[in-house]
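Look at the two complexes coming up: chain A is in both, with chain B in one and chain C in the other.
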Partner chain A sequence: MLPTVKINSYQFLVLVILFTIGTSILVIPSALAANAKQDAWIAAILGMGIGLLIVWLFTKIGLWFPNLTYIQVNETLFGKWIGNIFSFLFIFMTFLYTAILLYYSGSFLTIHVMPNTPMAATNILLAIILVMAVRLGLETVARSAEIFIVIFFILFFILVVFIAPEVEFKNIQPVLETDINKIFQSSLPLIVLSAMNAISLLMIFPAFINRPRSAKKYFLIGNIIGGLIITIITTLCILVLGSDMTAFQKFPGYELAKKINIGNFVTRIEAMMAALWIICLYFKMVIYFYAAVIGLAQMFQLKDYRPLTYPLGMIVVILSLVIFPNILEQSVYDATIDIYFALTVCLLLPLLMVVVYAIRKKQLKKNSDHA
Partner chain B sequence: MLKSVGILLVAAVILFIEVPPLLEKKYKKELIVFSILLAFGVGLGIAYSFGKSIPNPIDLLTFIFKPLHDAITR
Partner chain C sequence: MKRGIFILLIVSIFLTGCWNRRELNELAITLAIGIDKSDDEYLVSAQVVVPSEVSMKGGKGGSPVTLIQGRGETVYEAIRKMTKGLSRKMYPGHLRMLVISESLAKEGIGDPLDLISRDWEIRSDFYVAVAKDTTAEQILNVQTPLETIPANKMFSTLKVSEENWAATVGVTLDQLITDLRSDGKEAVLTGILVTGKPEIGSSKQNVETITPAASIKLDDLAVFKDDKLIGWLTEDESRGYNGIINQVKNTVGTVSCPEGGKADIEVLRFNTKVKGNVKNGSPEVAVQVKIEANIGAIECPIDITKPESIETLEKAYEKAVEETINHSISNVQEKYETDIFGFGNAIHRSNPKEWKTMKKHWDQQFTDLVANVKVDVKILKTGTVNNSVVEKGKD
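What follows is the complex of A and B.
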């Protein structure tokens, strides 16, 4: 029906890595350090482990029907009406996250890089390339991701090497001072951002990949690599800035880059490092938007998804401008409401799918044999 | 005022790009969904440019999940 392009497993791996890192690299250290203090790095590893379990569940769900996207699986399992309601929830979530990420990038750029530019200008610019990427299709996105991942890892390597002299080990002592419950609690935002939201990748995972069975392990590996990078960044933030400073900052990763000072010569290279976050943010946004657009097209059973991109892009820009009146409201939303919303759509619904699939397994098998 | 004229111009450009190929291929359903979404976008845009408050999905989510959050954290 819709697009017939297929990406290979390596391209999918790259997309998973960029998706997992996404916004987490910028904001997660402060969320982790808020409760877990100097044990934030333990929280990051814990979050990574639990996240891996959830991603494993998603791969299981994806491989039930190797030719269908998440929306179509919904319809097959729950029937037309209930399936469409669940699909609508999913599309609503991905669309909302596109707007939220656009807000993130806009607020990051207007706070740190271009303070006198109105947020609408940066958002419109980013939305134009967002719409462009989705119109050009998944293959173009995947290929550009292959190029950008190299730049990403070079910049990341530079950041880690250059910040190494600033490390102070007394910042993470004493280890494991925090209550284990608190550590678990503070790893929740990481699980939500990196693992649960990976349900959007189910729009790509089985249907648009040339060998879905081998791609399953790349889904998990990509998640591990992304989780490791977040763990490294969090650990560095704690080691260099200290836990209080990390929790206090809005974008601790950016503050980290500001600390770089090699012999009073290599200093203030944070603008270069901003490229890191923008690359990740952009690809995560593209995947969300792609999932929303394709999802909508499949829900209405359209033959082409491209006509939807411009109007939806327009709505996303306006939504990103009104969605949070100020940064405070955004951080309250991220810490409370977003977690419940993501738990409902990204964990409760898939678990419900597992139950329904277990009940209807035989009947579905029979249907597919006849078809 | 100027902003809403700009939004209408953008909408006109989008219509000009999208509609002819759709008519040519006789994609009726696509055209309907596209028109509804575009009308929605233009409506939101003009309302925003006049400084009207726009229904915020976050408020809806807060309305739904806030009682749950209060019940759990209490």
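What follows is the complex of A and C.
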């Protein structure tokens, strides 16, 4: 009934990398530095480590049923009613995140690049290519991601090399001043954004991948690469801007790019660097939206998911415009509600699944043997 | 086909041009902003480039820049009010200098700086300076020779002077904000003043003579406590300050020879390390300076063909630098009681635990702080000649 396209492991790796970096590259340095100060880079590494454990849990869950998506796994494990309630929560989350990411990109563009443009204009434009991508299907998305990851790494390399002369190691001392509890606390947003939310990737992994077993490895590797890039960006922010300035800025990554000055010649290239964030943001958004659309289609057992894309796309645009009345609501939401929400849907539910799976394992095996 | 046309029509709605485009001829490119305060009102002056006068084809002989002003209760209001006297909207993306008047600096610079760091068009790579004994308006009102645009003159002067004489320091906006927000370092800014007859400075006449009637000069450093200016360093203290914060790239030092007379040392490399330490509960810093130098000039009877005399000069210069640094530390400790050297940050780096209790009354701790200054000078070369010009060859 639903698409039978399969992407290969490398394409999946690319998607995981872009998804992991996603919004983190823009906002995480500031969030980490707010509490962990100059130890933000330690928090980033810690967050990466814990995140990896969570992703490993996701791969385990995925590989129980190599042919089913997360929604279908839910139904198999919990039965129709309870499973659907959980699935609905999941779909609601991915859909909400699509709108939030649209809000992010809109607010980034309108704060730094085009302040007089109404956010509706940027959001509609982005939503059009978002809907387009999901309509064209997973394979197209994965292939374009393959192209964009090259651009991403070239830009990232330029950023790192060009900012290197501005580094001041004084900024990172004293190491480990913040106590480990606080570091752990401040790494929580990173864990939520980069690892827990990766549960959305269970809509692709393992059902739409041609060799799911090897893709498991790539899921983890992609998460590590993404985590490393976030760690590098955070460290650079601390080294160049100092911990205080990093926490002071809304988008420290952008401020970092502003600092680039090679012999008064290569300067003012931050607009080019903004492409970095937009690429990651876009692919993360596509994956969320894809998960929401496919999830909804599977929940209601539709023959084709495409009719859903237009109406959902329109709702996403409107939602992105009304979701936060102002930018402070967004930071409060990110720091409080979002963490509990993500903990529930992305950690508690999967853990519950593990328990149920352990109990029902034999029975499920028998069923699948019959089928 | 029909579908294609439909898409084309939709797309053309979005591709009509940039939403709020501002063409080059609609911008007033602002290179310097000056902020004064009088009667609870900000007076903001902006030095705006007159494009036709600085174009390659040559202008009509008018002034290359023009000054626009606005008054308002806040800086933002004042800036927007400028449009009353200006046909274009101000574009501060290429800002080079921000000049704050001394009287405003004494009241506190935190409030006016907020807008400047919040605004999206303004970058943070320009210098901030204090107008000494005058208003910021006055500073921006002087024509300069050599550089047709005064703002560029100030920017380059600050840069060149910082690199070659090292008594001034170019503080960029982000550096200043970091200092203002830091517990362990207070801010300093370079002073800037007008010499001569400022009344004439504004007219083109000023650059028509070899010696301009009025000119802009850099002065010594202004010392801040929190965001308020509390005093000025002398030139020697300014150089000592630059030495401590490792800002010296290149400078010239004068030492006295043992048998009278002077010798100049040209510093090529200057490297300072500040290390904090806490001994018996009281903070200490060790300032280690390493200098590589050449002999710049000998104006005394000393035989520099002998290695011993080089050693004497090295010792003499070591002592001189040590004195300058010690002098500026003790003077700042006594007079201003504000840690402009960032010693607090050094303690923070070395003893984070002790720092937590110390930072609450750091100003007091700072005044009692002991600084051990160690200078190591190496003279490598003697320039293009051997002995002094007047020294006769030995028979």
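Following the convention adopted for this analysis, the second predicted complex is superposed on the first by the 371 of 371 C-alpha atoms of A that agree within 3 Å, B and C clash if a C-alpha of one lies under 4 Å from a C-alpha of the other, contacts with A are read in each partner's own complex, and residues count from 1 in each chain.
Here is the rule we go by: a residue touches a chain if its C-beta (ideal position, glycine included) is under 8 Å from a C-beta of that chain, and two chains touch if they have at least 3 such contacts.
The structure displayed is predicted, hence computed values, not measured ones.
After superposition onto chain A, partners chain B and chain C are found to sit side by side with no clash.
Using the contact criterion defined above for the overlaid structures, shared-chain residue A:228 touches neither chain B nor chain C, since it reaches no partner. Contacts of A:116 after superposition on the shared chain: chain C is touched, whereas chain B is not.
In the superposition on chain A, A:57 makes contact with neither chain B nor chain C. Contacts of A:248 after superposition on the shared chain: chain C is touched, whereas chain B is not.
When the two structures are aligned on the shared chain, A:322 is found in touch with chain B, with no touch to chain C. Rounded to the nearest 10, the angle at the Cα centre of chain A between chain B and chain C in the chain-A superposition is 110°. Once chain A of one complex is fitted onto chain A of the other, the partner contacts of A:347 are absent, as it touches neither chain B nor chain C. Of all C-alpha pairs spanning chain B and chain C in the superposed arrangement, the closest lie 10 Å apart. Taken in their complex, chain A has these residues touching chain B: 92, 96, 296, 300-304, 307-308, 310-312, 314-315, 318-319, 321-324, 329, 333, 336-337, 340-341. Across the interface of their complex, chain C is touched by residues 111-112, 114-117, 121, 125, 170, 173-174, 177, 241-242, 244-245, 248, 255, 258-259, 261, 268 of chain A.
Of all residues in chain C, only 14, 19-20, 120, 123-125, 174, 177-178, 181-182, 345, 348-350, 352 touch chain A in the complex they form.
For chain B in complex with chain A, the residues that touch the partner chain are 10-11, 14, 17-18, 22, 27, 29-31, 33-34, 37-38, 40-42, 44-45, 48, 53-54, 56-58, 61-62, 65-66, 68-69.
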